[in-house]
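Working notes for the structure below.
All chains are identified by letter, namely A, B and C, in their written order; residue positions are counted from 1 within each chain.
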Amino acid sequence: MAHRAPRAMSARRTPWLRTLLRSPNGLFGVVVAAIVLLAAALSLVWTPYDPVAVDVPGAWRPPGAEHPLGTDNVGRDMLSVLLVGARVTVVVAIGSAIVAAIVGVLLATLGALTARWVREPVAVLIDILVAFPTLLIAMMLAAAFGASLLVVFIAVGIGFGVNMARVTRPEIRRVAQSDFVLAGRAAGLGPLRNITRHVLPNIAPIVIVQLSWAAAVAVLAEAGLSYLGYGAPSTTLSWGRMLADLQGYIGVHPLTVLWPGLAITITVLGLNLLGDGLRDATDPRLARGDSVTRAALTREPVQL
Amino acid sequence: MIRFVLTRLLLLVAGMIVASALIFFALRVLPGDVAQVVAGSNGTPEQVERIREQLGLDRSILAQYADWIGGLLRGDLGASLVTGTPVARELLEKAQVTVPLTLMSLSIALIVSVPLGILSALRRSRPSGAVIGASAQAVAAVPVVWAGMLLVILFSVTLGWLPPQGFPRAGWAEPLSAFRSLLLPAITIGVVEGAVLLRFVRSAVLEATGQDYVRTAAAIGLTRTRALLTHGLPVAALSVVSVLALQVAALLVGAVVVEQLFGLPGIGRMLVADVGNRDLTKVQGEILVLTGVVLVLGALIDIVHRVVDPRHREQR
Amino acid sequence: MRRPARLVAVVVALASALVLAACTAGGGTDNGAGDGTDASVTVGLVLEPTDLDIRATSGAALDQVLIDNVYEGLVSRTADGEIRPSLATTWDISDDGLSYTFHLADGVRFHSGDPMTVDDVVWSLSQVRDNADVVEHAAFANVTGIEATDESTVTLTLSAPDSNLLWNLSSRAGLVLEEDATNDLSTSANGTGPFTLTGWKQGDSITLDRFDDYWGEPAKVSEVVFAYIPDFTAAIGAVIAGDVDVQTAIDPNLRSQLDGVDDVSVVEGRTTDKFTLAFNNKRAPLDDVRVRKALRLAIDHQAIIDATGGAGVEMGGPIPELDPGYEDLTDTRPFDPDQARALLAEAGHPSLSLTLTMPSFYGSTVSNVLVSQFKDVGVTLTVKNVEFATWLNDVYTNKDYDLSFVDHLEARDFGSWANPDYYFGYDNPEVQRLYAESVAAVDTGVAAEKLKEAARIVAEDHAADWLYNGLTLTAIRDGITGFPTDSPNARLDLSELAVS
């Protein structure tokens, strides 16, 4: 199969956004992301009750007029806690995506554009690192620095970033050997200019799609890691923390875990679909391209 | 061919060496002292120091590393710094819970994802295909912790059919009881992983559908479905199997959350406890074995890939 | 012809009789309590010991299983903290408190089969005194002489009176081990108690069997299995399913799940668990007594107890009810947020930021309540959850913390307040003097009075806040009697355990 000429992004910028919003996946994803962001923003200025204020005699109120989602084990209003928890979700999602982007692109570039004696070992290193489960990274970080959200997004960022590197590296290699880049070199462009002008814009769609999925994995990871005690410290109001705190009571108060769980599920679903939508919208032809690119754009199963 | 296998095995060995070094030195960075944990909150600094000497922790890091590698080459994973029991023995004992759990989860995941994945690929333009796809998306977005809680609420708290926690003390000597204890945990992992895998199965089947050999088979008279089943599926299966190798790491360690939730005395739970105790020898051994399993599986899959389908070549 | 047939019949009859006898004899070790003295009782515990070495490994998990059951000491103690005889049937204390004479019981045997001699006693006690690595070595700091005055008498000579000596002898320091035994202490135990340690399945259970050659009254059950269930919900499940006959440390929040269970009752017991909110007295602004007092006044202690499910009683000072020197000191810290705010303002800290470092296994309920209550008075509390190993390192050893929350569960540990090097950083010469006088007092009444005085000073100095004194809940199946429900996490004397 002949090398498909990479397309420069600029000519199709506006149309992809429209395509995105027109697809059901993309629309759902954008709406969910918007709601979460709005909730987080709103919580900065107003919540129905002070989410930190405990009211022990008023614990375990069922959903009602005063507390639409009821109260938790120390009497905090669950709706308020949920709203504030959205902040953590946003931070974790964006933080992980940033770390994943840095780790992924850096490793992939090292493994694709450098001299042979550098890129071969890096490629092997990437394959080895991929075998390291994210949870182990999180455990060690938490043991070293104490449980925190930083642990979550560094661990997820590294774990997902390495996965991303493994998949992006062959793509960068392909672009690097393409006509555009060779032409650029012939015209006298230095390697750095070549990279920024040709390589980055062409891997950008792949990277952005992957980052959306990275954000989804991060939100899921926060739930699991906070439950195990490596993520959000006990007084951070996060959805994962809510699940962790209420888990012990499911025998007597089963319905309280419904709200944080639903919030997480809907957000992760939205982010996953957003990634799918972005993939279909940026260049549908890429999705049907050669197997290497397709691998980069198939969401590989990653759960924690 | 032989050359490829040899290279791949060499890569495997290199991977294990790098992994062992990474694990060993990364653990030494952790704050907290196992000698202090053993001495407890009543230990005097002198007692702590003496325990450190007994455990050999006062020697240089390189000497300790060399000792560990030497032991590994002899097949000795070392002994717990806290209790002195051999790491291998502990791993084998806890594996009685984690390995069956992983296998059961994998089976459930495959039972869920393969038929439904194929179905959703074949029916992709029909409503049924879309429904399967959408449900899979939704289930794949569920955090495993929450899924477990919901299943417990349904099957234990409300219906009382299955135990909410625990594993029989007699272990597999009471096979029915042990199986019942693992059922909910396995369903928890299996259904969520199955939903995640389903999309992959679907895309692997779709990719196979577009391949030349399937179209050729269709051209010579086989129905599209038959062509797919006889020619496309084996190739799709290969891609799924290669993903599963990566998934083993996720499953083995993802079982940590489930083991914690369901109170199962498995490897994951033991790992969490050992890291908490700073029982470095045990943690090293456990992580190395887990990483080793994944690396070996990866190497095997690569070799099988190469043998079965010589068209799959890594671009370097 | 008939004789061989008859012979065969007799042989068969004998054989069947033997088989039947063997069956019924072996039946007693089955799970599910038999009745009478053949019973096997399964007790659910929380924290498993990491190692069985009674000499080298500290921790209440070992005391729970081994003391009084497998190992015995010169003396033991009752649930109320009173000293009672054990291997020493009687003892005399000289008027100056410098000489203790113990009269040993007869016919005591070790599980190895060897008889206990006075030399074993002297050797065991000498080990504690001479070897700095032995747990509770410090208990014998004043003991200069350990002598066998005759075949059944041991005399301890002290350089200065020690009112804590008998108490310490009822703990690890007084245990008697066999001098000539060679068993590995980490995985086995050879003692004189009513039970032998027959099995340890790590991560799961420890099994004790009745010792038939016990010198005293034999145990009333033939087997005890300690099942370790660290998860509180799993423990409840085990009770409901009948997997355990007794379960300690029932989570008070889950107690209602046992209400409907027919043959199980939940019993409340007292403990010396002091859930302590420690202040780093050496670090500003906590070195200012007004700040410490303000923090205490900001806490609604009853709300904290309610939030944890009600298994606790208020505690105003460092000494719990079960220990000598107890006084209700809750008047030192009424719930008064207004006064708290005033004090903080006066101290120059109308708004303050503090960090609470606590081990993560305590959960989040208490810290959530504290964050809320402190916020009310202008204190922003940041909570740092760490693993216990890290807590030991950062807080306990390096004293690098502002506030810390931990359950100090040892009985009679007021000495920590008289130790300026302890992680509290509390250094009050008056308290130290009173404590030394208490230790030196020969009369236990006088000793208690001095402790009481010292405790009041510590409480009025607001050196820490004692959030609550834990009550413990034990679930017991009907028909089981004699299970100690007070302080079960510190000691579990099962000599009275019986199944009817």
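Here is the rule we use: a contact is a pair of C-beta atoms (placed from the backbone, for glycine too) under 8 Å apart; a residue touches a chain by one contact, two chains touch by 3 or more.
The shown structure was predicted, so the numbers you read here are calculated from the model rather than taken from an experiment.
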| item | value |
| --- | --- |
| Winner on C-beta contact pairs when A-C is weighed against A-B | A-B |
| Innermost chain, where centres are averages of C-alpha coordinates | B |
| Distance from the mean Cα position of chain C to that of chain B, given in whole angstrom | 40 |
| Whole-Å gap between the CA centroids of chain A and chain C | 47 |
| Distance from the mean Cα position of chain B to that of chain A, given in whole angstrom | 22 |
| In chain C, residues with contacts to at least two other chains | 233, 387, 390 |
| Of all residues in chain B, the ones touching two or more other chains | 31-32, 164, 275-276, 278 |
| Contacts with 2+ other chains: residues of chain A | 143, 244, 251 |
| Complex contacts: residues of chain A adjacent to chain C | 52-54, 56-57, 59, 73-74, 76, 143, 146-147, 229, 233-235, 241, 244-245, 248-249, 251-252 |
| Parts of chain C lying in touch with chain A, wherever the complex brings them together | 232-233, 236, 251, 253-254, 256-257, 303, 306-307, 360, 363-365, 367-369, 371-373, 375, 381-387, 390 |
| Chain B - residues contacting chain C, complex | 31-34, 36-47, 50, 82-85, 90, 93-94, 163-166, 169, 263, 265, 270, 275-278 |
| List of chain C residues in touch with chain B within their complex | 50-51, 57-59, 132-133, 135, 138, 186-187, 201-205, 227, 229-231, 233-234, 237-238, 241, 243, 387-390, 392-394, 396-397 |
| Complex contacts: residues of chain A adjacent to chain B | 120, 123-125, 127-128, 130-133, 135-136, 139-140, 143-144, 170, 173-174, 216, 220, 223-224, 227-228, 240, 243-244, 247, 250-251, 254, 257, 260-261, 264-266, 268-269, 272-273, 291-292, 294, 298-304 |
